[in-house]
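Note that the chains take the letters A, B, C, D and E in the order they are written out, and that residue 1 is the start of every chain.
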Amino acid sequence: MARFLKKNKASLHRTPGSVIFVGSQKMDQARVSVMDYDQGDLRELEPKKIDEGERFRKTDTVTWINVDGVHDTELIMEIGRSFDLHPLIMEDIVHTGQRPKVEEHDDCIFLVLKMLRFDEDQEQVIGEQLSMVLGRTFLLTFQEQSSDAFDSVLARIGRQKGRGKGAGIDYLAYALLDTVVDNYIFIIENLGEKVEDLEEEVLSSPSQEVLEKITRYKREMNYIRKAVRPFRELVQQLNFLDSELISDKTDPFLKDMQGLALQSVEIIDTYREMLFDYLNIYNTGVNNRLNEIMKVLTIFSAIFIPLTFIAGVYGTNFTYLPELRYKYSYFVFWVVLVLVALVMVRFFRRRGWL
Amino acid sequence: MARFLKKNKASLHRTPGSVIFVGSQKMDQARVSVMDYDQGDLRELEPKKIDEGERFRKTDTVTWINVDGVHDTELIMEIGRSFDLHPLIMEDIVHTGQRPKVEEHDDCIFLVLKMLRFDEDQEQVIGEQLSMVLGRTFLLTFQEQSSDAFDSVLARIGRQKGRGKGAGIDYLAYALLDTVVDNYIFIIENLGEKVEDLEEEVLSSPSQEVLEKITRYKREMNYIRKAVRPFRELVQQLNFLDSELISDKTDPFLKDMQGLALQSVEIIDTYREMLFDYLNIYNTGVNNRLNEIMKVLTIFSAIFIPLTFIAGVYGTNFTYLPELRYKYSYFVFWVVLVLVALVMVRFFRRRGWL
Amino acid sequence: MARFLKKNKASLHRTPGSVIFVGSQKMDQARVSVMDYDQGDLRELEPKKIDEGERFRKTDTVTWINVDGVHDTELIMEIGRSFDLHPLIMEDIVHTGQRPKVEEHDDCIFLVLKMLRFDEDQEQVIGEQLSMVLGRTFLLTFQEQSSDAFDSVLARIGRQKGRGKGAGIDYLAYALLDTVVDNYIFIIENLGEKVEDLEEEVLSSPSQEVLEKITRYKREMNYIRKAVRPFRELVQQLNFLDSELISDKTDPFLKDMQGLALQSVEIIDTYREMLFDYLNIYNTGVNNRLNEIMKVLTIFSAIFIPLTFIAGVYGTNFTYLPELRYKYSYFVFWVVLVLVALVMVRFFRRRGWL
Amino acid sequence: MARFLKKNKASLHRTPGSVIFVGSQKMDQARVSVMDYDQGDLRELEPKKIDEGERFRKTDTVTWINVDGVHDTELIMEIGRSFDLHPLIMEDIVHTGQRPKVEEHDDCIFLVLKMLRFDEDQEQVIGEQLSMVLGRTFLLTFQEQSSDAFDSVLARIGRQKGRGKGAGIDYLAYALLDTVVDNYIFIIENLGEKVEDLEEEVLSSPSQEVLEKITRYKREMNYIRKAVRPFRELVQQLNFLDSELISDKTDPFLKDMQGLALQSVEIIDTYREMLFDYLNIYNTGVNNRLNEIMKVLTIFSAIFIPLTFIAGVYGTNFTYLPELRYKYSYFVFWVVLVLVALVMVRFFRRRGWL
Amino acid sequence: MARFLKKNKASLHRTPGSVIFVGSQKMDQARVSVMDYDQGDLRELEPKKIDEGERFRKTDTVTWINVDGVHDTELIMEIGRSFDLHPLIMEDIVHTGQRPKVEEHDDCIFLVLKMLRFDEDQEQVIGEQLSMVLGRTFLLTFQEQSSDAFDSVLARIGRQKGRGKGAGIDYLAYALLDTVVDNYIFIIENLGEKVEDLEEEVLSSPSQEVLEKITRYKREMNYIRKAVRPFRELVQQLNFLDSELISDKTDPFLKDMQGLALQSVEIIDTYREMLFDYLNIYNTGVNNRLNEIMKVLTIFSAIFIPLTFIAGVYGTNFTYLPELRYKYSYFVFWVVLVLVALVMVRFFRRRGWL
């Protein structure tokens, strides 16, 4: 399965702007939750009908509608219609292979990004698409799957008095993005720790397993980078955006986030370089082992080959072979053997091979 | 045959702007088809005379003329004259080795790009030149060969009521480009899947066949990149173009396409990097095998070489060789052989070679 | 432990702007020192209460408050409140894994950077975060640990009459930055000397130890680069900053520093390239050794293998083996052996292997 | 001889602007030819005296003076004086190691570029400097050697009625540049075809000859790139130039040429990458061969070493060696030998080495 | 000794702008020479007192003061004071490890660059700092050591009438820079020739000596690049500088120099790439040799190993060994040996190893 690019055969001859789900369905049933709050009040409700959305759209309170599961294209289209979204936005929401990007529309900002989580079983980073539509009085978020990633933000809204609650849609969106970038850093750090720990192993015992680890970490780093690099551009563009939907008070937060995103990308690249170096060192280590083994073979062979030859000479059956007859021949024979062996050993010592 | 650059010896001493076909003829007979439609009506006709083109040129309806096969320079020149195209446009249409580009002329926009398809027999990506001339009331497209690539667009025009039909020349051109970029992604994904699947093979059994696959995929990725990278620039320029031929309504579609093109290029680069890594891993695997084989050889040699030597010593014919005479000599001899062998084995065990 | 990225699990679900210490505590007790001076007078005092800070804030004298140890979040928050700092500044001060950056706030400039020192025991570069808040009448500096890095600046303030003392907050900040960049260069130079010295060793004796050195130096260079590259950007931004907090008189000093920072980055890259080359040369050296050893083995084997074979032939017990009976057979046998050996030697000489 | 940089020791302590020939003289005698034409008339004349040049300079007709051979500094200076050229232009014309560039002077545009040709004997690309001075009513071209490169342009001027003749100096200059870029493409394509054909050979039989080819092609590609890359910049600058010497009508032609130049550079880089890959694959192939050979050796050695040992045991002369006496001992001996051999073979089979 | 970065421990805790000599003293005694000339007159004088400088500073004549040896900080400070230079300029002059740069001050332009010379004994490029202060009526130059580099310029001033003498300070400065860049090219070319010549050697005999040459040339190329790359930026900045100290007449000369500097950098990079390729080819060559040697060993071993085994079989002392008794056994034995050998040889022939 091409993991770096989503299959979109289904959408090959589609009309641009048509809402066809591309991806693998990860939930049985899409789940919609609605939060509505202003200065004093927070209501959470699982709405029966989405067209209530229209109601929220018109109030001045902060309304956050979160949809878990984007395979239900009917639902998505209903939401899209009630918030009057551009068809291309709706297409991008259900086509879960988008490159992270930010688009400024007439009355909303549309963000697509990847949320990452590390699947411990498969030892693989899984990316899921998060789409955000940031309007004047509402924030729509679409996730591929239910996750507890945003629970902390939710909790804070319920709990907090100061900045969290009074702040508007843009701060809410920032808080969610902040959760995402924190998660990036958490995952990079987790994988990075494994990468840094690998160095010891690469230097001491370059086994096949180490090679597989290098390859796997490299692939995962590539996968993470594929999500984080465009995210950095996204945050940068968000900073440059001169939209009235983003208040000046949120600016320093976004600038802070830009630094984090930049740092993430740089550190991914550092780890990728380290892994590249590891492969080199691994190869070197393999060569060194071969070298060591060859040395032993050489020394064994080189020492015994002439000895065996000498023994062979006195194993010949020549009728006239004078040395065989003397009493001390056998003794001398051994002396010669030992001398030859010693000369060999010295020769290798001098060459620094022993 | 230089696949990355088309032979153009024929055009070596040409006058700039002369219409000489460069490429390999892929059809017997060029085929022209004309579509003409406005809000309510769609007519498709195979025109006898191209100079009818002039007629279409003046009407306000959307006229799309598609030419399959560009080797018929007479035909091309006739079309060119009736639509009053610049000689350089006509030269580029028949010279099928152009770098994808967009040119803004006084009254039209000229696009050259590559359509890709994967030839399963040769396991090779084939690129064919697609030229588009986008005028106020007409769209001319020139393909090297008949293909069904645009059938879906055609079908939609016939079928659809809303966006597809009412929209103008620019949307039609976008729809065709969209087909092209969809095709790029389809091909990248197809090849990418093969590349990702190769990893397993590279790690487990680095054979000559794997090496050839790496080389082939690399070459094909290069070939695709040669088409897609300039396409990305093309779309970017199209976005920056401040032409009245492209309406504001088409802008978001083009911006969307730019994201797709950028993603394609990034993913090609990711795959290229992966293939580069594969070659490294392949080499490492080959080394590892050698290592393993050497190890076995070393152990065998190192164990038997001294044993053979000892046997050789007692195969000598010295008249006075005391050990030969004792009754248990042969038994002791075997004990010594086994002991030496065991010492060798322990030595290798301790070194971790066994 | 992931050295290239600080663990910040603790802050994973934090509210943006919350002051949570991230890092490893390096001192038992945070230490605050306050310097206050104008043209004529220098007072140094260890303040009991930080809210005296507010007092200094209002005077026109140059006030420099240095805090060693940032784990005491209470203290940091107290200082932050009394100087009215933005919550994000305070968060960054205690979160010691920031990417070096400069932020312009309404009434102050905030700088984060890394101070480096070489730990001789671990043979490792240690980075510690230095945060600076540059206000109109005060300079706040926050270090992770007590260090004598700024003593020279302090000494100069006490001693000097001219430029050092009369100059304002911005010059003081520059002087501290200058100490930091001097330290970068000192560390790069120290490590660089080791890198340059390694060349000899790489060429003459490519041992496992050399490989480990290459790997270690590479890692340390990466670590230094991680601090110095963003520092270069920081200085560049500081130069572009059009703030009234930085007087024109300080401009040439900052420009000078920019050159130093750029040079540092370039030289780090040169050393990194050299280390990359070393790894190649190391590999080559290992191969050369193997080559040399193989040569000796080949020559030994190739010479003795046919000799041993000949001896074996005359060790056979065929009843009818005519050569064995002649008187000079044994002599001829030796002549043949020597001749064969000589032919072998000549053969290898001619091939240039001896 | 340093081929990538021309020796200019002679000019080491020259005054800037002094006209000293640097290069190797390629013709005995410099040759000057003058073409003069307007709408209706073409005269070609070999002028006795160059100062007639001044005459042409004042007329309104298109005058093209071509000089083959630039070693005759007297001649060059005479021409320079009669057309009032800047001393630096004249220095650059005779100093044949210039980097391709375009310079706008007060009343002329000065171009230096490299013409390439492939020397089949030396299998080497030869670069020769072409200097062009584009004035209001004249075009001066200086080549190192007589060539037929411009004959086709000449022929066209003589033959053609339309665009070729009526057009001005700028179109003539373009036509010559076009010839040059056509030649670049022709040479790249020629070499590129060889590079593409090499792949087969690299994969199937990695011999020393292949290695030499890779090295040679790489060097030649570098050499071509050295000429083409600055040429691309040159054309780009020519496009940006807002000179009245270049009419608007020539603009689309120059833009077209820019595309060609860009394509050339990209394809050179593709070929360079391919050659880099070839070297990797070559190395891999060499390793694979070694691997194969090692395998055979291992199998042979490993099978015969124990057999020889067993034979050695029964070749010992122990007085008491029971096995020797039994009648079927020799038969059993062979059975054992065969069994041992079979076990060995099975062992290698199971490991996949046979 | 860290050659790529000058030791500046001495200046570690210096006040910015303090004049402390950093580098190795290369002359016993600093030497000052003063040239003063206008249209008609040239005087050269070794001034007793530097404060005469002030006198020259006020006249309208071109005054060039050259100082050889910068270790005498007293002298430098005296000059600095009499020409009223900024302390940072003076610090940079004596701190001989500056990155080449240009700084525009209120009434002068300050240039720092590296002069290179090739030390034939050490086979090493030596860089010395050249500082230039370009004022309205004076030019100050500071070299680390006496050299004859500027003699040609001096000679020209004395000799020439036209451009050299009448021209102002800026042309004089240009003429000196021109000498420097000529020297760069001379050194690059010298080293480049050696690099190009090395190719033959790398391909034919990859010895340890070749490896050391590659390493050395690479290091020297890096060292040269370290001087030339910032020089290119310096010239570029000089071109952009809108200073009244540089007259329009000098502009084309500077533009010309920019081309030379760019070419130098490009060619250095080409040579660096070539050396990188050499290392690859070297490795390949080493592998090829190993391959060749292995082949010989394999063939020898593989042929003799079975022969020796057969001889061993008939060397056993089995009482009942039927083959030994027949009269022609020994003859048959030889026939078998030869047949086995022939089969082996054919086997290797068929595999293409012989």
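Here, a contact is a pair of C-beta atoms (placed from the backbone, for glycine too) under 8 Å apart; a residue touches a chain by one contact, two chains touch by 3 or more.
What you see is a predicted model; the values in this text were computed from it and never measured.
Each chain gets a centre from the mean of its Cα atoms; for chain C and chain D, those two points are 42 Å apart. Rounded to whole angstrom units, the spacing between the C-alpha centres of chain B and chain D is 26. In chain E, 283, 287, 290, 294, 297, 301, 305, 308, 312, 315-317, 321 are the positions where the chain touches two or more neighbouring chains simultaneously.
The touch graph of these protein chains is a ring, one cycle where each chain has exactly two neighbours. Ring order of the chains (start chain A, then chain C) is A, C, E, D, B. Against chain C, in their complex, chain E makes its touches with residues 1-9, 11-13, 15-17, 86, 88, 92, 98-99, 101, 103, 105, 208, 211-212, 215, 218-219, 222, 226, 279, 282-283, 286-287, 289-290, 293-294, 296-297, 300-301, 304-305, 307-308, 311-312, 314-317, 321, 324-330, 333, 337.
The touching residues of chain D, counted against chain B in their complex, run 152, 156, 160, 163-164, 174-175, 178-179, 182-183, 185-186, 188-190, 192-193, 196, 199, 203, 252-253, 255-256, 259-260, 262-263, 266-267, 270-271, 273-274, 277, 280-281, 283-285, 287-288, 290-291, 294-295, 297-298, 301-302, 305-306, 308-309, 312-313, 315-322, 353.
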